[in-house]
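Two complexes come next, and they have one chain in common, chain A, joined by chain B in the first and chain C in the second.
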Partner chain A sequence: MSLKKISGLDARYLYLILLILSSIPILMPLGLPLAPSALTRSAYDFIENLPPGSVVILDAQHSTGYGPELGTQFAALMKHLLSRPLKVVIVALGAEGPMLVDMTFKGSTLSGSPINPDAYGKVYGEDYIFVGYIAGGETAIAAFARNSWITEVDGEQKKPLSEFPIMEYCKTVDDWSLAISVSGGNFEQMVAQWYSAYGTPIIFGAPGVSAPRLYPYIGAGQVVAMLVSLTGAAEYELLIRKPGLAASLMDVLNLAQLLIVASIVIGNIIYFATRQGGRA
Partner chain B sequence: MIGDEIVPELRMRDIALLITFTLGFFMVFEYFLVWPEVNSAATNFTRVCTALAGLSAIVGVGNLTRTHSKNVIRRGSNWIPSMLLLISLWIPLIIGLFLTRKDPTYVYLYNNLYTPVSQAFFALLGFYILSGAFRTFRAKSTDSIFLLITAALVFMGNSPVTGSIWPGFQAIKVWIMDNANSAGYRGVIMGVAIGTIVTSLRILIGRETGYLAERRARAE
Partner chain C sequence: MVSVVYILYGIGALAIWSLLYRENIFYRCAEYFYVGFYGAHLLVLGWESALSIAWTPVTRGEYLWGGIFILALGFILFFYSKTRAFYMIPISLIVALGTALGMRGAIHAQLLGQIGGSMSSLIKATFMDSFNTTLITVGSFCTLSYFIFTRQIKGPIYVIPRIGRIFIMVTVGAAYANTGTGRLANYSGILLNLWQTDAVYIIPVALAFILFDIIWRKTKKNI
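Entry: the complex of A and B
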């Protein structure tokens, strides 16, 4: 096959190659090596070093479209928080949050195996709570900081928040020791409303496409750390010693990324070869 | 009447501008005050705003329903997609409203219809990126050579397996993200921030009135 023919290859053959390459590790796990990055380790260390009884906000602001990329981050962070003596207040600042929180606890193709808080010795309303969905984007982000009881009732049992002892420790942003948000965007709004206004430490879970936006904030110390994409989730699973869905999908991601790099290189070799051939 | 000449009639538009000006500046200055009564009023105001944000969904649903119902009734262009939109909008809405998100039917629809479709749309990006990488990502100029090398290095750094081949890939990626990427984004962030401040001020003082949708109202 001549180089010109290869350069004009039908895109569907490329799709087929990607499909086959992605399927191999699912059928036969390769166990390619993975080491936690500095960013992921910073997030883990910050949570590990929180004093017992600290209030941590865990915001589900992602959507199902991000799939396991963010779903596994949320699950890994949840497992770590539940394994520590912390007060975990889960909130949904994104419209799909309530469903995604349910899916995380029950187990799903987005988040991996179910999470049973009882297994961690945690009691709903005492050690953790889901306060529900707050509409309004940046207004909701600001309003939740000013008044963490804004939903009045919890998102699980629909009972007044005053009936749950955990909420006595969480009334405003002044009570928060850390805010974690797993989100596809809106990072700047949370930095403005939570860090700039009140100095609250923030950890983000971000998809690969949005992560570059967050590096300046981490460099400036406005954001503690972030988990980047599926890789961040897999690294976190390794750090908490609970390898799950993200770790199992890493082989797929590795091969797909290598295929893209190979495509760039091969595409350019063909481009230069055919160009020189054309000139000659 | 003489009174009308001295005190011009207060129009709806002026009332909207007055509310924006008063509440906008109140919220701006409240941030700098430690005055419990004022702070509490601002907190209550943000609560009202979140309630309004929730209610605004009704407007959106109403508009969508009105527009697409008309299209279906008239058998206008693309009336079948309009009908599908109405079905996919109203069925989950009714189930969710009356039976809550815990209802098995709602959960079934969410897990087996919405989730796979939305994931499939996002997953398609992978195929387009591969096609783009092979067909269009070419070193045609000096700029594109820099972009191409940077992209390839970041890709290599992002792929954990390359770190075990040569740890330098990850170090290079971290350097690119921390320095070149951050420097570029800082400029963007500062530009956006200044633009936001200017636009906000223009809205507060009534120079920017796009949110009143006057032009659209006049057109209708």
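Entry: the complex of A and C
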């Protein structure tokens, strides 16, 4: 087959190769090595070093569209927070948050196996709570910081927040020791409303597409750390010693990326070779 | 026992992926279903949120007039086509309040903080940290110089905006590659579920449909 024919090949053949290649590690796991990055480790270390009883906000602002990329991050962070003696206040600042929080506890195709807080010795309303969904984007981000009781009732049992002892520790942003947001956007708004306004430490769980624009915030010390994409989730699962869905997807991701890299290299070689041929 | 949920999952996922083959009725149906479900979900959550944040405090007598005023403004939004003049009142308030709220932290978050972050000492604890900080400082300086349009940069310093352009290209490349990683992460998650759940039964059906379509189209072409 000539180089020109290869360059004009139907893209659907590439999809087919991708499908076959990425199915291999699912049927026969390869177990490619994975080492936690400095960013993931600093997120882990920060949570690990929080004093007992600290209030941590865990915001589910992601959506199903991000699939396991963010779903696994949320699950890994949740497992770590529940394993520590902390007060975890879960909030949904994204519309799909309530559904995703529920899916994380019950187990799903986006987050992996179920999370049972009882197994960690945690009691709903005492050690952790879900305060529900707050609509409004940046307005909601700012309002929740000023008044963490804004939803009035919790998101699971629909009871007044005053009935839950954990909420006595969490009234405003001044009570927060850390805010974690797994989100596909609104990062700048959270930095502005939580860090710039009150100095609250923030950890982000971010999709790959948003990561490059968040690095400056980490460099400037405005954000403590972040988990990047599925890789960040897999690294975090390794750090908490609970390999889950993200870790099992890494082989698929690695092989798929290898194919993309190979396609780019081959495409460029063909481009330059055919260009030179044309000039000659 | 075959799980109906996973069968539906398989049908939905493969119907969306079928666009990679070509535009078809299965893709259209799955797309409309998704948009419909999402819209309905958003509506329910928005309604619940409005009830708990605005309506409940008003019924208790808290922020009575303020709450009624805000609810009335929100209500006006439903009458776009009939009362355009009224419609502009809540919109202008939303824009004004949103901008004011955004301005509050944005100056520190996106300007002062970033400038401070890029002007930190180049000497750090480890060599890599110093290297990274130097790279950020040089990159920021060169990239900013690329956007100076007041006067054309000529002479030997012309190299500075050119380096800035390289930094921009690298950043855009990194963002693009990260986007690819994200999409592949979603893809791998769906693929894993397709293989490891009852959704696997849908794969041969989907392949059969595609094969049938290929043969049918080729036969039609030959006729």
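Definition applied: the second predicted complex is superposed on the first by the 280 of 280 C-alpha atoms of A that agree within 3 Å, B and C clash if a C-alpha of one lies under 4 Å from a C-alpha of the other, contacts with A are read in each partner's own complex, and residues count from 1 in each chain.
The rule is short, and it goes like this: contacts are C-beta pairs under 8 Å (C-beta built on N, C-alpha and C of every residue); 3 or more make two chains touch, one makes a residue touch a chain.
Computed from a prediction, not measured in an experiment: that's the story for all the values here.
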{"item": "Which superposed partner A:Cys170 touches (first chain B, second chain C, both, neither)", "value": "neither"}
{"item": "Touched partner set for A:Leu34, first chain B, second chain C, both or neither", "value": "first"}
{"item": "Partner chain in contact with A:Gly132 - chain B first, chain C second, else both or neither", "value": "second"}
{"item": "Touched partner set for A:Tyr15, first chain B, second chain C, both or neither", "value": "both"}
{"item": "Which of chain B and chain C A:Ile203 touches, first, second, both or neither", "value": "neither"}
{"item": "Touching partner for A:Leu178 - first (chain B), second (chain C), both, neither", "value": "neither"}
{"item": "Partner chain(s) touched by A:Leu93 [first = chain B, second = chain C, both, neither]", "value": "neither"}
{"item": "First (chain B), second (chain C), both or neither touched by A:Gln189", "value": "second"}
{"item": "Touched partner set for A:Leu238, first chain B, second chain C, both or neither", "value": "neither"}
{"item": "Shared contact residues on chain A - chain B and chain C", "value": "15, 65-67, 98-99, 109-110, 134-136, 139, 142, 150, 188, 197, 208, 212-213, 216, 219, 229, 231, 253, 256-257, 260"}
{"item": "Chain C-touching residues of chain A, taken from the complex the two chains share", "value": "12, 15, 19, 22-23, 26-27, 65-69, 71, 95-96, 98-99, 109-110, 132-136, 138-139, 142, 150-153, 188-189, 191-193, 195-197, 207-213, 216-217, 219-222, 228-231, 245, 248-249, 252-253, 256-257, 260"}
{"item": "Chain B-facing residues of chain A, complex", "value": "7, 9, 11, 14-15, 18, 32-35, 37-38, 63-67, 98-99, 102-103, 108-110, 134-137, 139-140, 142-143, 146-147, 150, 188, 197, 208, 212-213, 215-216, 219, 229, 231, 234, 250, 253-254, 256-261, 263-268, 271-272"}
{"item": "For the chain C and chain A complex, residues of the former touching the latter", "value": "9, 20-21, 41-42, 45-46, 48-50, 52-53, 56-57, 97-98, 101-102, 104-106, 108-110, 113-114, 116-118, 132-133, 136, 171, 174-175, 178-182, 184-193, 195-197"}
{"item": "Residues on chain B engaged by chain A in the complex (per definition of touch)", "value": "31, 42-43, 46-47, 49-50, 52-54, 57, 101-102, 107, 110-111, 114-115, 118-119, 121-123, 126-127, 129-131, 133-135, 137-139, 148, 151-152, 155-156, 158-164, 170, 174, 177-178, 181-182, 185-186, 189, 192"}
